[in-house]
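Look for chain A in each of the two complexes below; its partner is chain B in the first and chain C in the second.
Right, the complex of A and B next:
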């Protein structure tokens, strides 16, 4: 069976230079996979390349979603095929309300969820539907960013550092949400993380990225037990 | 299209209340003195006052019609579209072609000219602007300046450089008696048409799903695309709409004051002043600042004339001060609020 997401020898870079030198990773339907690596390893670049962002520029290799190449498709087309991307820094529209933020994505998905169904997953957000995103806390904004991505009813969700800069109890809440999206909503998830503990708490399988290449593909068990591995690539 | 979202009107009142609340005592004093001076001018010369108040409104609404497109294009695409003045001028010449050269009705021109300008705008966007959105802003400025020159020379080649004019229907000629003075009926018509156009754009941006994606695009274009929105399509649509409204402004301006090849440049610079004073990215700001600048331009001479009449000091009545007023307003506003009246934090600071 073809994997849902198949990144094959992906090379990409910015004007300042090449960042990815042949990234290979596969995510099967229903999986919850993490992409780990140090700062500057190329994690965000990989995610942005998959999502069809204008930068980085893809220099070689291929990204296939359900067997079809995504290369050359603009970001809105990639989204239309069933991939939801929550980039680093949440990127909620600051001067739109919670509902308006969600509505932007609902209006442009082929098979979106209903607003109420989305907010059912986020009781915190349901209580502040008219609030502007700029007046919300980091945790609330992260929930909104995930809610917005969930609203399109995607087949694959890409999350870039969903736990970054959040208080521990909110990290746990987001972990629960991500697991719920994967298990209850049956959405395949690939997320980028620096924090090994958070990755271990949520994902079953992990790719380790170093200097623009996948250097290891490991199970949670090995990641937990192999201290040398963690020291070498993740510095923990 | 959702009833329980915070309405644009409420947002606007909040914005105004916010500005009033943050005024310093000095600014309050200035506001009170301005109103007192205006009241005084009205008492001394009521006819001239009303005349110029309406003149200022007409002028302001024409500025708003150009500034709306400029502001949308700048906010959404990050391009300083210098060619917007050329589109305004094209509206005037297309109307002349329909009414003056082909002898058709002015009502036809009122529809045909903006649509034709919209089509020219579409061609500009597809052939030139689309390629420069991600580039340095200076490239956009140069490219649109080049487009301006091309349009201007094309107009000169087709219609000549001499000033032209055309007649409006009899129903819009003559004046309407307002008690203290008689106002040209066409001026009232201009204000009405411009108001309808401005309100329509407002509703489009604030109440429709299309408008929601445009607002999202202004705030974070990349994220909007990540959510599945085909933004390039919306860029084209907004550019086309902005061009059509500028074209409509050109038709109205030309019907009242005639047309010439220089009208585009004069107005585009004033429209930039309007956008800067109103605050980049705020449509509401552009409307307020357009009317403010129109009124300030027309009311300053009235106030000075009244002062001079009341005090007997002829030196108060400075002639030709009108041309300076928009820039004085801009300097004053930018000194106090560098982001403009209703601009978002950080855009111009």
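Right, the complex of A and C next:
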């Protein structure tokens, strides 16, 4: 069976130089996979290339979603095919309310979830529907960013550093949400992380990216036990 | 209370058109009310500009062309081709919308700064063409001033009125009605899912794309609507100034729209309204101010001739503009006013408790 997401020898870069030198990774339906690596390893670049962002420029290789190549498709088209991307930095539309943020998603998706069904996963947000995103805490904004991605009812969700800079108890809450989305909504998730503990808590399988290449593909068990591996590529 | 806050924009607009003229005509302020008509027209123009700038995040440095299209549409139809006013108005507005749409298709995907430069360049090109008096239609640098009013507008001692079959209505009220209708349409547009999507584009374009939004299509639609609305203001301006003048197409007009919008506060629906009011009121006030009498005009102990300084009112307004931008570039006068009211209300509640 073809994997849901198949990244094959992906090379990409910016004007300042090439960043990815042949990234290979596969994510099967229903999986929850993490992409680990140090700062500057190319994690975000990989995600942005998959999502069809304006930068980086893809130089070679292929990205296939359910067998079809995504290369050359603009971001809105990639989203239309069922991939929902949450960029890093918990981006929301600051001057729109919680409901409006989610509504924008719903209005532009082919097969969206209902507002209430989305907010069911986020009781915290359901209590602050009219609040503007700019007045919310970092953790709430991250939840809203995920809620917005969920609202499009995607088949694959890409999360770029969803736990970055959040307090430990909020990290745990977001971990729960991601697992919940994966299990209950049957949405495949690929997320980028530097925080090994959070990755271990959530994902079943991990790719390690170093200097623009996938250097290891490991199970949670190996990642937990192999200290030299963690030292070498992740510095922990 | 909730109904009032829900409809505060229509109520505010209504209060504005009713109160504007008596307020500026008050003897302590300007002492004459004619300027209120041109204020409303400019408010509509700047609000149309701000649909694009404040609510979509696209800075157009050539918005004067849309203002001019409406104005010249009417002037050419009435003065040159002997066509009814309505034909000129409809053609002018349709042309502005079509031009905005076409230009939008060509340039919206360029980056912000290129968009601004390209609109500036196209605006200048349009000015150039109009200035060349093609086919003898535009009157070149003289504009169109002869027979440029439709027959149902009467002027008497500088006061215009519109003669309808059943009544004669002051020109101000005709402008007020068009202004109200257009501003309400704009308000509805901004409240709609379409308008919320425009704000999403402004706030974070990349994110809007990632969520499946075809951002360019929204920008083009916003540019089209903004151009059409600005040209309606131009149609009104043609009657107000009894003709069409080439300055309307000039880069200064475009620049004034930017300045007024920023001065008022680009993030707010009423920002352009506040910006135009402050700008035009200050300009008029300063340029008609001659003698500073202290302590009062009736009992002047000291009289200073300040006309030499105040004729440079643009400089003073420039200083005001700089102050506003330094204090809060997106909130402007209207934002400051809102903050002030909020703080005062909070104080008041505290004191009462």
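In this text, the second predicted complex is superposed on the first by the 236 of 236 C-alpha atoms of A that agree within 3 Å, B and C clash if a C-alpha of one lies under 4 Å from a C-alpha of the other, contacts with A are read in each partner's own complex, and residues count from 1 in each chain.
Just so it is clear, a residue touches a chain if its C-beta (ideal position, glycine included) is under 8 Å from a C-beta of that chain, and two chains touch if they have at least 3 such contacts.
Bear in mind that the values here come from a model prediction, so they are computed numbers and not experimental data.
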After the alignment on chain A, I want to confirm one thing: do chain B and chain C clash, or do they fit together? clash
Can A:59 be said to touch chain B (first), chain C (second), both, or neither? neither
Applying the document's definition of touch, where does A:95 land relative to chain B and chain C: first, second, both, or neither? both
Which of chain B and chain C A:71 touches, first, second, both or neither: neither
Considering only touches as defined above, state whether A:128 meets chain B (first), chain C (second), both or neither. neither
Which positions of chain A sit in both the chain B and the chain C interface? 51, 53-54, 74-76, 79-80, 85, 87, 91, 93-96, 100, 103-105, 107-109, 148-149, 152
Would you pull the chain C residues touching chain A in the complex into a rising list? 193, 196-197, 199-200, 203-204, 206-215, 267
Mind listing the chain A positions that touch chain B in their complex? 51, 53-54, 74-76, 79-80, 85, 87, 91, 93-97, 99-101, 103-105, 107-109, 129-130, 148-149, 152
Of all residues in chain B, those that touch chain A in their complex: 2, 4-6, 134, 209, 212-213, 215-216, 219-220, 222-232, 344
Interfacial residue positions of chain A with respect to chain C in the complex: 51, 53-54, 74-76, 79-80, 84-87, 91-96, 100, 103-105, 107-110, 148-149, 152
